[in-house]
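Down below are the structures I want you to see.
Two complexes are shown next, each including chain A; its partner changes from chain B in the first to chain C in the second.
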Partner chain A sequence: MSTSEAREPRSGVTRRAVLTAGGAAAVGAVIATSRGAGAATQTGSIPFFGKHQGGIVTPAQGHLALGVFTVTTPDRQVLKELLSEWGRAARRLTVGLPLQEIYDGSYPPSDTGEALGLGAANLTLTFGYGPSLFDSRFGLAARRPVALVDLPPFDGDELDPAYTGGDLCVQACADDPQVAFHAIRSLAQLGLGSVELHALQVGSGRTSATTSDQRSARNLLGFKDGTNNLRSGDDALLKRWLWVGERDDQRWMTGGTYLVARRIRMNLSTWSSTPLTVQESVIGRKRDSGAPLTGTREHDKANFQALDPHGFPVIPLGAHIRVAAPETNGGVHLLRRGYNFFDGVDERTGNLNAGLLFICFQRDPVKQFTALQGDLARSDNLSQYITHVGSGVFACPPGIGPNDDLGASLFT
Partner chain B sequence: MSTSEAREPRSGVTRRAVLTAGGAAAVGAVIATSRGAGAATQTGSIPFFGKHQGGIVTPAQGHLALGVFTVTTPDRQVLKELLSEWGRAARRLTVGLPLQEIYDGSYPPSDTGEALGLGAANLTLTFGYGPSLFDSRFGLAARRPVALVDLPPFDGDELDPAYTGGDLCVQACADDPQVAFHAIRSLAQLGLGSVELHALQVGSGRTSATTSDQRSARNLLGFKDGTNNLRSGDDALLKRWLWVGERDDQRWMTGGTYLVARRIRMNLSTWSSTPLTVQESVIGRKRDSGAPLTGTREHDKANFQALDPHGFPVIPLGAHIRVAAPETNGGVHLLRRGYNFFDGVDERTGNLNAGLLFICFQRDPVKQFTALQGDLARSDNLSQYITHVGSGVFACPPGIGPNDDLGASLFT
Partner chain C sequence: MVSRQRLRRPLVAAIALATTSVLLAGCGANAHVAARTTTTIAGKVPSRAEQAAALFATTRYRRQIVQAAEGFSTSVNALDGALRSGDRQAAIKAWAAAQGSFDVLRPVLLGGPASSATYDGQLLAGSKTKGQGLHAIERALFQGPLSDGLAAMPELRAAGPQLVIGLFRTILQPSAIAVNQVHALGFLADHVLSSSQERVSHRDLVDVLAIIHAVRGGFNALHPLANLVDPKQLSATSTGLDQVDALLSTLPPGATDAEVPTEVWARLGRLVSVLQFDFGQLAGSTAGYSSGRYYA
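For the complex of A and B:
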């Protein structure tokens, strides 16, 4: 019997107890001795521990599963323990290990098994707390950051409660969709009786590069997306616009950030029947190259002053890239990290139910996403082709070290 | 101006006319001169032309988009022309080309653009005709194969009309989900006014190997799936069980096959709370290794005669692999090619809406799928954990050559 087997009891224990008993020390041992179904395919892994959480400036993986949970336990201690347990699960999942290595067949297996053999697939898990977590239930009201408030209604919003709000969120990103799904399912499984999965949204085909060498991908409008995004190497901008600083109001959030998720349904049939030049003037870029209408290459800087021979702006006043650009919105930057979704045919309309799971990270959602989206909802010509149908905002605490508990900073 | 540009008119033409004008000859030229946004990433491509259609014995790609269409035109000639056009589109899409290379900006672009730059990603498109296509509308009643009839109801079916039936189906499989989605969207776009997209189901994480060197993947029950599947190299079995022979009743189907699609929702919360030994006895295999309960390795042959010390069968009488095995079902084989789906949370139950898009191919669905599923629905212990919620059967004609029209064999 190997060291790891000796450390993990074989029988008569609940799945939660087993995972807890394994603990941090066992993880190293299990990695060293992993075998059989637990032996991971050699796919990449991204460290779970660090100053910041993974899945934020991490080069965007190909697939997303976004889980949003409602806390059903009224017990603060139960919630605290669940977060600790989620942290321990995350360190296993992000190295491609199942929740539990050894099973007693007379109990349900703690790991649901569908990711066995798929490896880590560069899985990242990014945890966030919604505004509602800081209500009266858990004694956390005084720890609520000023910036963590429900997003206001915006012009044109048609929010579906099924995709809106939530006490907790977990963004799982991976190179394999089944690995991302398995991670959210595993956390839901561990939280049975304490939390309920409110929504699970899956997406693929990242639309936003987060490193300078990632190619911009295309959204379902056919246009490159993410060209003018913050990049993982833009340290000064990231410090200014992404990470919560130590002088911000809640010290426990230092090194953290805020996640905003918007489910954006695209009216693809209307868009597809729009002439290409109109599409390009709505976006402000050429479709094929991704260049701004004033340039020839994708990364050419847009010239918002340029006029055409008739004296009209080459990039229209309502063009998406003009309204969204830091140059015209008071300098606001966001780190976008979106994924496309395709959810079949809408039975009511016969149209494709598809669009963009827009996710962005920022230091202050009130001053960044909310300010910007207010402008977009009013002035962006793209608004007539898209509808926001889901919404959430979450405080993502900083990363943790190998000896820390997830959630400890919030609760201490 | 390149040869390909000279061949494709720039203005004043409908998207359909442009595609037709390009024709087969232009495809080669376009490939030779593709550039800019049309230049594909170097991902693999699978020939569209051949004796059989692609996507059947093709090594299973990672992602599926299954489009099912209702024909809305009453006009036989319009349907015939649409199929020809779909064939021309398929030969472009399967080499990673957009529907149209050159755009007149004053018209909507024929290609919706979201797959530009993604390459062919080993896309295959597999076309099929549903039983309803052979009703009185198009004068095809005499060409309906005997084997092409709606599947009968099975015990436990809870079929949702949204995922059931259909006049035409197109199975798009690719290594990139956006390429598969784009293909179905493109065909829907080309068919505007003639066909309507009835359903679009997407899946990933193939569950069924189709070559001997593809590893069996796991379904969402956590078990390896596809171990005992037909393989692309099993020529005698494929001839007997997969491809329609020339003495079968409809000559136009020679070299074709029949696709059966079943949307199978898995009751994952019930399954997850079932002890591992029970799960393994329901399937008849060990979860980690995939070995039959009478063996130690995945590809060990199951011994259905073996008894345990108490005189009970080691592989229970209702075990899934026993009921499904050719040894016990009269020798029937199927070529399975399934994908997992994850469609969020079921609002009514709070459970995950996830499971298996079961797809199989066979020479005669009445004698193969229907016979087998009748047994499974009655005797398979797995039935209590799964529910069939969608169903379709389609005749997939043989492949075509570079000078043939898709649909020509059906209509001549």
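For the complex of A and C:
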């Protein structure tokens, strides 16, 4: 027997048992203890329960593991149970507890162990349902929100099916990459036989700030990213542009939001050979300070009307921030929460395979992401330096309370 | 108020705008490049020889662009005829020629520092997901019934003469010409050679040769000026281009992808990265030189 001091009863021990019968009580107890001590929250845990799911307006962590799953079971009840089980697992993982604490050494351990001792590392788990979940398989067609449709093709897209689509997604963000990876691996393990991991995308280095006290980080183009982002304190804007409202078509989504994920490869060797002034004109901001070309400090407001002495716009017409800004795009805002990725070397060209795992949240992906990306694909000068190679859209239900089951609102 | 009329504007308007910003690229692509180039040449009056070389670059590159536009127009008409008469071989030949001309035009129409015509260039290039442009033709020629290609023809046919008229006034200054070569090579690396590319015609060599030919043209245009202002970098760039040519000359003409050894693609990819760096350096050393019109 390894770590286990006490053996679980053999009968009825299944891979999942720890999170159901006796496991549930234990989870409650452990959560209560860590909360009671106040230590876990203080030292890096973000509550799993709440009005909204974590991982959206909570402070963006340093690392991402984005798991996208295909549901393989045809059985609605099995899917429902799996989601509840994932919810129970999420409670444990987000306070830094392993899936199981009492091991029977004659079985393979339920918890794979790689996050033992790493703590919660501010892990958040954000669950989402893809449009395909609402097909004929599970009787959910009538519950599909109108805003949840596959994204249309955009100019320049070169989507790889391996990074596109998916029935379910789980965005795991944490301050420690191994904690984020462990969470997705654990959920995949719990779902064996019912779901398959379609893609696991790993991102390192946040490219956004989601709270006013977070500083902007840099993307792999070297520019500050997330300067002009929706943030947790912008209540009126969040209500208007982020959270699904009571009057939107599906009540079960009230307080939820939609996640759009795009894997965007950067053509880094072209970018690195482009003069700095051209790079800055492509973005519309200065590289080092992050200031708009019409200002001197990062948070100076961009002046899109300013003209140079020749009568041309100081922030060029095709500059990324001009095309993307609410002032010029009909007011659309997004909450961006992306991560850098680096994934080896292209075997044919020797170029780095790296870029941005662009993730954004919004109240209506059709009116927000799709509208904006349509403009960017046509007019953004940055398009020449990037290629969208993966895509997905998911409905993220609202958060749950301690007595709720994850997924229950979808099925009732 | 600066509007965003760039979206979906007609091609001629797009080119006019492209040309305007190209003109602006006389001092760089925009105000910020202008600001920098002004600094670069502050206090230094270009010599007569430098001015003449800058003028040469501009006019020579313009000629290359206009010839490509004319070539594009002619090939597209030939393509149309071949598609209509169901002559696949003639259609493939005409498509390859049109593609070659478009490869010269691409950095001007799409994404170069002076480009303002993103949408229209995209339309001509076509996208993988939409039945448009040269990409749709390629698919029809190599994967589908020939008749599929006809749907994409009206836009391509209309574009030819418009490009010739619109690009006639192109004035790209030397630094911008160098950046265009960075872009052309970037397209080659990321969209032709990259292992993630979907292969349709299995004739990447058509694109490779056309792009390298176009880049050689840009290099020739820059040659006299670079020789005056940065001979060392000129020579490095020249060596890089020669290495690419030497590598490509080992291949049988008209080779399909399968006939090109994997190591050749890999070697080419690496040479292209170095060339991108070289042209990036040339963009720096030629910044601030213009055809003369923009020195106050």
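The criterion applied here is as follows: the second predicted complex is superposed on the first by the 382 of 412 C-alpha atoms of A that agree within 3 Å, B and C clash if a C-alpha of one lies under 4 Å from a C-alpha of the other, contacts with A are read in each partner's own complex, and residues count from 1 in each chain.
Please note the rule applied: contacts are C-beta pairs under 8 Å (C-beta built on N, C-alpha and C of every residue); 3 or more make two chains touch, one makes a residue touch a chain.
Values in this document were obtained by computation on a predicted structure and should not be read as measured data.
Trainee: A:D375 contacts which: chain B (first), chain C (second), both, neither?
Mentor: In the superposition, A:D375 touches chain C alone.
Trainee: Taking the superposition on A as described, I'd like to know which of chain B and chain C A:G117 touches: first, second, both or neither.
Mentor: first
Trainee: Just chain B (first), just chain C (second), both, or neither: which does A:A65 touch?
Mentor: After superposition on chain A, A:A65 lies in contact with chain B alone.
Trainee: Identify the partner contact of A:S289: answer first if only chain B is touched, second if only chain C is, both if each is, neither if none is.
Mentor: First partner only.
Trainee: Can A:R348 be said to touch chain B (first), chain C (second), both, or neither?
Mentor: In the superposed model, A:R348 contacts chain C only, not chain B.
Trainee: In the superposed arrangement, which partner chain does A:V146 touch: chain B (first), chain C (second), both, or neither?
Mentor: Neither partner.
Trainee: Using the superposition on A, tell me which residues of chain A are in contact with chain B and, in the other complex, with chain C.
Mentor: Residues common to the chain A contacts of chain C and of chain B are 272-275, 277, 280, 347, 350, listed in rising order.
Trainee: Going by the contact rule set out above, which residues of chain A touch chain C in the complex?
Mentor: Result: residues 153-160, 265, 267, 269-270, 272-275, 277-278, 280-281, 293, 304-305, 307-310, 312-314, 316-318, 322-323, 328, 346-351, 375, 377-381, 383-385, 387, 389 of chain A touch chain C.
Trainee: Which stretch or stretches of chain B touch chain A in the complex?
Mentor: These residues of chain B touch chain A: 36-37, 65, 103-109, 111-117, 162, 176-178, 181, 185, 188-189, 196-202, 204-205, 215, 218-223, 268, 272-277, 279-280, 287-289, 340, 342-345, 347, 350, 352, 354.
Trainee: Help me check something: in the complex, which residues belonging to chain C touch chain A?
Mentor: Touch residues, chain C against chain A: 1-2, 4, 6-8, 21, 24, 27-36, 110-113, 115-116, 118-119, 122, 127-130, 175, 179, 182-183, 185-186, 189-191, 193-198, 262, 265-266, 269-270, 272-273, 276-277, 279-280, 283-284, 287.
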